[in-house]
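Letters A, B, C and D mark the chains as written, and numbering starts fresh at 1 in each.
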């Protein structure tokens, strides 16, 4: 790894003096520039595309394994983590499971830490978490469920925590939350060395058969936002040693004369459902929430792409606008960039779209496709 | 490898007694059956599909590497060879180049022989050849051109033969032919141990700038059929120590009142060109030749898929029928199965088609897609 | 956007869908209660794992011969097992092994049957009865892309794995590279006699 | 055939096209004679290799500074380097590095420039002159599928590699996994002064 990185750097340095008018014959290698809050990672194929959505440009790519679900940026270290599973002969032969770190500046792999357990090969940003800037947590299903904790300061896997019935790793403080099949949110606190100190569970607030929450969650700052398949929105926070769940509110309220922010009376939307690979996103700073919506189907259509994106004002919990996809286009993922004035990012069937979040107006298309949209910051 | 094969066999044996009405809960593993002359290999994605085109069924698959061009059956051994290039981390890290042998019965890898030179990663059946049932020849470009000879009886790579300016490996007797950039066909004779004994060249019969032959060639029994981009058909054979080239005949003759086998006068077809991934096929036993044809474009469109397949009677060298693709459908590859009454196989944009070769009538569609169609026998 | 660009973008989307989430669905023709009742027999020793129907080889061998379940000696079946509409596939999501050299009970040569599977209940129109179907993945080969089939009913989030379509069910195989999925008839859906 | 099946079949076709033949085309705006004349300088030491423009780092450093070629100090260019129609791409086939974090002269971060390249001649409409363009592959990363571009002129069979679009031009890189392709301006196409 290191050797390779040096080679890349060597090429870059030797080309610094290339003349602007006539190009060197061999070409040279660029570096990736300085990421901003408007850079995201898009996972498409076996590649993570690092995209500046403000500029509308792909700035670089990271080569992932076929079993890598997502990336996990560690911006203060200038690194991006992912995990990969590699068979000696692509699909058979000896297996190596590793946590890989990429140097952002050179977009090159710079380190690997062997993982003791086969991680889940699921296309999901909740599968790998950065906990307190110090640990990376990885969810496993073998089919027993557990979380591997890797110390990314000392570069060693410190252990595996059994988490029966609970999935994903949503970091908060020196620990992480997980939604569980019994209708609760579990929180596990880690020690300085990454071992389990304690675990707590919220009261059961959903019924997995009647209306489970998505296993995908988004951060609220104080905790995590969970949304049920029927469109009930909850926030899970810590309170002393316990996990607290806010009262749920619905994305599809009954028609009761309520007017939305534009003064228009709500139409009843019973036939619309939330769904998609990343079905919702939330910005605490901007007070906005966006959801991917499709019409019809049962609860099990929760991964189905949408024909609209709905925007909610989080002060009033009312819907501000409905953004309709054009023609046959569908949308499978939404993301809001950080900050007070976020950009709304949509992964559509024809590529990435950047919209103004407050108006919904489209700013640009970016020629990159994939599934997961992750903010770098 | 062996261990894995035994496991597979173990599973098979333990399931032999499975009841026909109620299935075992764990399931079992089948074997592939007895290949016939109407089995072919289709390379699609990183998979070789073994297809019985008579029955219209996929009988099994072989996992290939992303750099594997083709397979090479060795039916008397019950094996199929391919080569693969594997990086430790899919696209970076340590590289291993290996010749892989698959056992046909279990469709499982059973052996590997390390290759000394990086083989060409080109999607082409001429890249790997079985020579005299004893050697596998593999074409390399690094960018120097050479052929690696592997002894598949003693399972060892015996050496590399430099072949500057010549490409592909077309086996004939104890040696192989190659088309060369100087307009000739080269023949290299091998010793019992796989070393070069002698090489010969045909007279130059084409000009690489004016009208080169395809690097893809098909066997004629006595030698190999080469076709130029402008549609001139040649046969290369051995004569004593030398390589002889037959007089070329054209797929697109001038209109001169000639009638085809149906008594219809030839129309002038100047605007039609031969092209495709496998642009032509020949059956000496049936006296048939088939070509993939498209309309318009320059010589460099020789890899372009066709809108028609033309069938030639090789006794008269006249065109017997034109088979038109339906709607937007295109065809990229043609193959004739062995024997007196061959099936005509077409790889179209919507999947594999099986036709009666003498009438052109479609017999069936088979739900498999890919590029290269190779006969197993 | 050129044709080629569209192809490439399609490729990327497909790759993602095929490799990072093997899609599995569950037959929804059963309520939770009946479902649990029918599967209880398989769940001995599963501990805190909720409702995950782990069918290990060892357990399987303790099950009484299946032809004696309810005394049924044969199943009347109609339809094409290479079509997604086939009755056994109500809970299928993935690639049909019947298109890849296997059958609904046998993995294609050279692949391996996972020792853990999902079980659903499908209605057989030919005899008007419901049957328990076990969907076992065959693994260890590159994906056989010939016959994709997704009939989504009762899909749930991954923390409820027995009903999650995002999980790669290659447990027990030496490789978790997904190849295709079987659909084994393992009993009557309307019987409690599988013990 | 379902949507999913079509997607899968497209995937298979795409995979094949992308991985087993990196497609390269040559600018055809030059006859063989002029082509050889212009490239002769690069071919020292190539021996029996016919017409393959191997541009090794060592050789490149012996070439006189290119801004002095014909005394031209700058190139007037117009158009979008992320579009296949851009003038430099007359001989391009592959994926544009300009869409992958690179430029026409620099490989994207973390990829490696091949030390061997194909050279074509393209007409720059902005100044009405022809230029020699070197198409260098960037390798060692998974394929960047964003901007595919194939402008086929003068493609030849693989035994004539300098004009073959089927060859993976990753020679000199530590990995032959194809990422994208540069388009470097290295001289005037209508000059003989590159020595």
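What we mean here is this: a residue touches a chain if its C-beta (ideal position, glycine included) is under 8 Å from a C-beta of that chain, and two chains touch if they have at least 3 such contacts.
It should be emphasised that the depicted structure is a prediction, and the values quoted were computed from it without experimental measurement.
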Self-check item: Neighbouring chains common to chain A and chain B, by label
Solution: C, D
Self-check item: Centroid comparison with chain A (C-alpha atoms), farthest chain
Solution: B
Quiz item: For chain C and chain D, what's the span in angstrom between their mean Cα positions?
Solution: 48
Exercise. Express in whole angstrom the distance between the two chain centres, defined as the mean CA positions of chain B and chain C.
Key: 37
Quiz prompt | Whole-Å separation of chain centres (CA-atom averages), chain A against chain C | solution = 29
Quiz item: Of all residues in chain D, which are in touch with two or more distinct other chains?
Solution: 5, 9, 11-13, 15, 17, 141-142, 145-147, 174, 177
Exercise. Send over the residues of chain A in touch with two or more other chains.
Key: 4, 44-47, 63, 66, 90-92, 367, 369
Quiz item: Which chain B residues qualify as touching chain A in the complex?
Solution: 4, 46, 63, 65-66, 84, 86, 88-92, 109
Exercise. Would you pull the chain D residues touching chain A in the complex into a rising list?
Key: 55, 57, 59-60, 63, 65-67, 69, 72-75, 82, 99-113, 115, 117, 134, 136, 138, 141-147, 174, 177, 179, 182, 184-187
Quiz item: Where on chain B does chain D make contact in their complex?
Solution: 43-47, 66-69, 85, 87, 90-93, 95, 118, 120-124, 141-145, 164-168, 178-182, 208-209, 212-215, 298-303, 349-351, 367, 369-371
Practice problem: Within their complex, state which residues of chain B touch chain C. | Solution: 4, 7-8, 11, 15, 18-19, 21-32, 44-47, 49-50, 57-64, 102, 105-108, 367-369
Self-check item: Residues on chain D engaged by chain B in the complex (per definition of touch)
Solution: 1, 5, 9, 11-13, 15-17, 19-22, 25, 28, 32, 47-52, 54, 116, 140-142, 152-161, 164-168, 171, 174-177
